[in-house]
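Before I ask anything, let me first share the structure, which is written out below as structure tokens.
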Amino acid sequence: MVAIADVQAFLDETFPLSPNIVEAVGDRQARIRHPVDHTHLRPGGTVSGPTMMALADSSAYVAIFSEFGILPMAVTTSLNINFLNRPAAGVDLIAAAELLKVGRRLVVVDVRIYSDGNAAVVAQASVTYSIPPRSQA
Amino acid sequence: MVAIADVQAFLDETFPLSPNIVEAVGDRQARIRHPVDHTHLRPGGTVSGPTMMALADSSAYVAIFSEFGILPMAVTTSLNINFLNRPAAGVDLIAAAELLKVGRRLVVVDVRIYSDGNAAVVAQASVTYSIPPRSQA
Amino acid sequence: MVAIADVQAFLDETFPLSPNIVEAVGDRQARIRHPVDHTHLRPGGTVSGPTMMALADSSAYVAIFSEFGILPMAVTTSLNINFLNRPAAGVDLIAAAELLKVGRRLVVVDVRIYSDGNAAVVAQASVTYSIPPRSQA
Amino acid sequence: MVAIADVQAFLDETFPLSPNIVEAVGDRQARIRHPVDHTHLRPGGTVSGPTMMALADSSAYVAIFSEFGILPMAVTTSLNINFLNRPAAGVDLIAAAELLKVGRRLVVVDVRIYSDGNAAVVAQASVTYSIPPRSQA
């Protein structure tokens, strides 16, 4: 079982520019908060696609830690994202990630991004990570 | 026909943090350079996935300008990316984007990312953009 | 509100070779059964990928009917599928489809395929359909 | 180097219902013809999405044979397809598949489907296959 504080410390050290906050990790799931004041906006005033792609990728990474412990060398092999609804203005984004498949080498993660307090899904992503052989991990 | 300098000026004003350089735009294609010294690295010393996703998205956006002129309100509806080969260390990334389909409402763009001077494809993406109705554009 | 029998009759007439059985349609969801004795097998004795892709596509189509009524001219614009677990031998496949986004022109559907009676997800798909303008529908 | 006739014989025996014709295999590429008279049509008279998904998957499979020899136990792990242009009526479909990445365990294949004699891309797919360990192959 991995502790939230340990995951947060790892992320802060590894990705010092990232404002993401780990709210939950465990049971093949993770929930990550992206504070809106750190959000890159695009024309139209909405959160940019790349901000949401990075958030989807990070939340999948952390969900994998719930199963394997902190695993720096896990790498994304593919990511598919659909942008569904415009995020609410001035509201944090929340990413909920859940492992759909845990294989020996590949893990597939379903991610849903919401505006905090809103039920509408802002974006849905499927993210595949490659898990390093144990000796490399 | 859109001029490289105009696209670069638009990007610099709209995304002031982005270091991307427009090298070519026209004929339903775009080529964008991502200077390596601005690249976010991940554990293992490679360019991060989100950096490449952002680059894929930007290069698709610029390729669309080659057809429609600068169109700030074009928005990404979906993106699929496969990470194929580790980028070369210390080398700029080059994204080559090409419109596969130009519909009235949807445009689909194929993107290949390379390490400058290397033939191996680092990542391949398919990006779909929604084109605003003319009155909104 | 569309009736199961009407959807089944439409599918049987339009796709006479398809063995799929509509088990539920409504509330932005659909559930479709694929009888195993009609399943194309691939080397190794498992259900073929194309069989599951066709099932994912069909279940998304029917889920759209729950919102719009029977809409023959809705067309798939993209489909992303991850094959997660080997289907159980000799067991029907069940596809559960749910609309994630209902736009004026695009609908995005999340599909999960199971072996009947098993909790493990066999495949997960994200399917985007284009909805015809009302006059064409 | 694998021979066209051997691949065709393997496909005919393994998938007796498939009408697909191997036109080329080699150099990390394959070209497959799907005769139109065997094509499943959907409402509106176009070739169905599942027909094209099956063709994309098959052509990727055969392209992999160009690298590894006939490898029955290679399995699709994910497939992403964009439907771009309506196929021409009454014309065979041609799928051109090319290996983008050949890893020890994963192979990623780019597929473009055309109507025979037409330059417009009807569909583009990215297909990932898992390669069995050598002892299983």
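As written, the chains take the letters A, B, C and D, and residue 1 is the first residue of each chain.
Throughout what follows, contacts are C-beta pairs under 8 Å (C-beta built on N, C-alpha and C of every residue); 3 or more make two chains touch, one makes a residue touch a chain.
Remember, predicted model here, so these are calculated numbers, not experimental data.
Relative to chain B, the most remote chain by averaged C-alpha coordinates is C. Looking at which of C-D and A-C shares more C-beta pairs in contact, the answer is the pair C-D. Mean C-alpha position of chain A lies 28 Å from that of chain C. Mean C-alpha positions place chain B and chain C at a centre distance of 33 Å.
A separation of 22 Å divides the Cα centre of chain C from that of chain D.
Multi-chain contact residues of chain C (touching two or more other chains) are listed as 77-78, 80, 82, 128.
Note for the complex: chain D touches chain A at residues 77-78, 80, 105-106, 128, 130. On the chain A side of its complex with chain C, the touching residues are 80, 82, 84-85, 100-101, 108, 110, 121, 124, 126, 128.
Residues 14-15, 17, 40, 42-44, 46, 49-50, 53-54, 57-58, 72-73, 75-83 of chain D are the ones touching chain C in the complex.
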